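Quick one: structure below, then a few questions.
We just call them A, B, C and D in the order they show up, numbering each chain from 1.
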Amino acid sequence: MTNSLNKVIPLKQAIEQYVKNGSHISIGGFTINRNPMAAVYEIIRQKISDLHLYAHSNGTGLDELIGAGCISKLEIAYAGNGKAAPTCIRFARAIQNNEILFEDYSNYMMSLRFTAGAMGVPFLPTLSGFGSDILTKWGFSKSMRRSDPKIVDDKLTVIDNPFGNWTGASKVVLVPAINPDITIIHVQKADATGTCSMQGLAFADIEQVKASKHVIVTCEQLVTKEELRQNPDLNQIPFIHVSAVCHVPLGAYPTAVFGHYDYDSQYLRKFAIAAKNSDKFKNYQNKYIYGAKDHEAFLEIIGQKRIDTITADPRTGYSVNMKRD
Amino acid sequence: MTNSLNKVIPLKQAIEQYVKNGSHISIGGFTINRNPMAAVYEIIRQKISDLHLYAHSNGTGLDELIGAGCISKLEIAYAGNGKAAPTCIRFARAIQNNEILFEDYSNYMMSLRFTAGAMGVPFLPTLSGFGSDILTKWGFSKSMRRSDPKIVDDKLTVIDNPFGNWTGASKVVLVPAINPDITIIHVQKADATGTCSMQGLAFADIEQVKASKHVIVTCEQLVTKEELRQNPDLNQIPFIHVSAVCHVPLGAYPTAVFGHYDYDSQYLRKFAIAAKNSDKFKNYQNKYIYGAKDHEAFLEIIGQKRIDTITADPRTGYSVNMKRD
Amino acid sequence: MKTIQPYTPREIMTIMAAREIKNGDIVFSGTGISMLAAMAAKNINAPDSVIFFETGAIDSLLEELPFAVADPRIMYWAAANSRLTDAFATMQNPITGKKVIAILGAAQIDRYGNLNTTCIGDYHSPEIRFSGSGGGCDVASFVPRCIAFMQHEKRKFVKKLDYLTSPGQLEGNNSRQKAGLRPGGVSVVVTNLGVMRFDKDTGKMYLDKFYPGITPEKILENTEFNMDVSKATLADPPTKTELTILREECDPQRLILD
Amino acid sequence: MKTIQPYTPREIMTIMAAREIKNGDIVFSGTGISMLAAMAAKNINAPDSVIFFETGAIDSLLEELPFAVADPRIMYWAAANSRLTDAFATMQNPITGKKVIAILGAAQIDRYGNLNTTCIGDYHSPEIRFSGSGGGCDVASFVPRCIAFMQHEKRKFVKKLDYLTSPGQLEGNNSRQKAGLRPGGVSVVVTNLGVMRFDKDTGKMYLDKFYPGITPEKILENTEFNMDVSKATLADPPTKTELTILREECDPQRLILD
């Protein structure tokens, strides 16, 4: 959707409209930072299933989606949840129990694949991974690839440098483009048309957005067009890439949003402990996800006291001297 | 030079140290905006010759360098000087008179070539140019290419999409990386270590810088490290890419610097008129370039009155209602 | 022979081009008359179109007309200021690229809508050298619709380009697709005499509209190659409303209109 | 048998790694002990080294220790905040990449310095699944020097990796170069028992230093593959100055040291 009309809709409606069973999806952020958690919890509440997730280093959002059974296929570089879970627990379990199909890449490869999608080219080259099992061990079989037009026929390929030894490279790895059906990111500021301003590291959010057929933006602050136009240099995503805008304060909680709030290490630890045990995990989900009708209700369960603890110091952008579990 | 030590040196010394006869060079900016003109004039004053220039859409700086006989080889997408000269005049003349070797690309191809250099890969793919003479007409012959290790053996090449018809592309054009010996850019703010903050459009400056073995930054404002660290999101170039920093206020004049000053359309017109006639052009050069020992002396010839006319309005970043020739 | 038209050739060209722009289009614009056409469309028939520059600015406010695509005037009050690579990716990526309509100029055009902005004469030793492709080749490769602005002269509407800078339908039929390009390239040519389009099957230019006071014969006289004029009809001249908005809101100082 | 060392295994590991970092190096850092080693180097022996994260932050102030490479603490007071693609390009580009030294951890390492951070058992149906490559494979492919931090155990120093995530010297000799990689990969392994390096010609791991109180024999007992220990010498233990700076300036709260 390229137009500059008002795209603000409720999160529930945005998820209903753009995230379908079987959708190929990507979510923004990195491990414990700026995951679009309100959207993730809404996907879980709506019991959307059979999602194909493309991830570089998703953490918290990824593990919740896998834990809730929303994901059937996963292309990924890294699944970790900070100190609370150096390897995402439900992720590891789902793989060990053969519950999902998965395929491994490196962070740069996944970032390049989104970049290729954003650029509109079929692949990008890298010198990463020669000799590694990332090149040789494919998670999706040839026959499965051939039978599914939404999955590229080859995981990746190696070619000789067509420019001789130019730049000293004899060979290059080509990684194929990703164009998700839908990407969801959470940003600090957006206006009603979808122009976004992120503060701090952008991770691969910009490339993920530009590669996607549809994009949902959730934002801490829904600001006027005029406010964003005063600093066009700070707006990494112009409205032409965005389908829907949802105003969701604390929409990345329990992950961090630079300048707004820190990650909640206590919540992440609680999640990690629950994730190790099926019954405990069901209780966790019933209480925090299914037990809340929406993100506001979820935040009420968390409580203002906890939110105050993680609120960012305006000087540093994070919660100074916060007790971190 | 990766370190964070003080890299501030006078412009004269920076040019002496990093720009040699025969150097492969690129300069920042686009047509009539943010060309590193003080550096360009210093290169001319130092009578550096046989330069190989890589350009996407250089304008003012390019035409001065060609007019002064500094350039022997040129890879370029576009040579225009705004309204004053839709085609750069000395550029056209040098080609029509067989005075320089040149090779044509598109703006995207040149931008991708710098990007490939910045990424450390031998090439990048694009879907641009199929069927055009850009692919078939080479400015540098095969034999010249083979005999010069600093020039890639092929201008570009076309391959079949190795991923079948993925993303709908049957073929791709591969354009080879550029790694200039030296890139010179002019920015709004830099600190002594070389970290830069550009305001307004970055054009391809960031990619040109990161692709280069050495980098000279000239800046409007030499600011403290502390000032730049307050907004790391606005610093497009961290110091690790920069070799020398030169504090040169009005260092892009007569081209524009957003937020500081506009282009001087009167000067550009004067240049265009002189450029059409060899004697007039010599007079122009003698007065404005060779007649000034440095950029300060050049600006004295221009005069404060002219500078006041082009000074940017703080609200819009350009000179509002300026008479434009 | 004719009464004086109540508009100039520049004005009718601008309005004809503006009418090609639809609401929601992203308009890739150069400067001069192409910029004016984009502004006219936004003010007349496509208020929700978005002006976009290869240098990376999108939806700039344009309180003053820019004189170059790197003019600081395009950086003010934009939705985003980015870089060349971002701007071209927006067009190469079909998700956004399919919404882009470009406005281009050229020194020469052939019957298949291929453009030359590079040189007259031999490439290596030309009689006249022009600025070169800039983003022209890229845009013509990537986006589905391009408007070419031309002065209608025999030396510009040529049988064979001296240099093919920006691909149109190449050699017609399915040669564009066979070469590796998406459907696209120049789809309409707006000159001081009329409006040309391209046959969907053969890729050949045909006359769609001729302006009041102009005949198809005059257009053929000013065109080196043969062109089908059998489908041509008289263009609806600019309306009073169109002209008023163009003159009073888009270029009140007549910076480009004169 | 031995007097108690005046430092912990973590402390000697951190100091041994810090000593590998030279002034002017760009230090690619993860979190935990690798972050501490980078900070120790900056405070002790390489004040002009630059800490750098794959997420895109460079030369962050780090008033507080980050707990992840996406911790908001790394975004404060950095020289620049960029993106993943920028960070990896900085390493893939040899102009800047040659200055980078990386600090990596792994579940398994083999005699050629190849690392496994993916799984134990069959890839498709593993006994234990780990986080995966992250940036590890990229860094090990691109940069000339990498420090691997490991606990020295037989199940971690293995004859054959269950999955080769990050390339070291592959199968030794010139196999790394033949595969298409630049010289680089893991160049030094720092464990709780000693410091290992790799033979320039064969690419095989050898014991360089063993810590006070540790014997080469003990190291061999904890290593599944054969390793040349003939060149090994006793490591210079951490100096008082090193330990003081590490404890008082780098991690006064002992967030990582404990």
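Basically, contacts are C-beta pairs under 8 Å (C-beta built on N, C-alpha and C of every residue); 3 or more make two chains touch, one makes a residue touch a chain.
What you see is a predicted model; the values in this text were computed from it and never measured.
Set against one another, B-D and B-C show the most C-beta pairs in contact at B-C. Separation between the centroids of chain C and chain D, computed from CA atoms only, is 57 Å.
Per-chain CA centroids place chain A at a distance of 40 Å from chain C.
Mean C-alpha positions place chain B and chain C at a centre distance of 28 Å.
Among the residues of chain B, those touching two or more other chains are numbered 117, 120-121, 126-127, 169, 172, 179, 200, 233.
Shown for chain D are the residues in touch with two or more other chains, namely 57, 75, 81-82, 92, 94, 142. Taken together, the touching pairs give a contact graph of some other shape, not a line, ring, star or complete one. By the definition given earlier, chain contacts exist for A-B, A-C, A-D, B-C, B-D.
Across the complex, chain A is touched by residues 23-24, 26, 48, 50, 57-59, 61, 75, 77-82, 89-90, 92-97, 99, 142 of chain C. Taken together, the chain B residues at the contact with chain C in this complex read 29-34, 56-57, 76-80, 82-83, 86-88, 91-92, 95-96, 98, 104-109, 111-112, 115, 126-134, 137, 139, 158, 168-173, 200-204, 206-207, 256-258, 262-263, 265, 312, 316-318, 320-321, 324.
Listed in rising order, the residues of chain B touching chain D in the complex are 2-5, 117-121, 179, 193, 195, 210-213, 228-230, 232-233, 235-241. Chain A makes touch with chain B in their complex at residues 116-117, 120-127, 152-154, 157, 159, 161-164, 166-167, 169, 172, 174, 176-177, 179, 199-200, 233-234.
Taken in their complex, chain C has these residues touching chain B: 31, 54-57, 63-64, 67-76, 81-85, 88, 92, 94, 114, 118-119, 123-138, 141-142, 163-167, 170, 175-176, 179-182.
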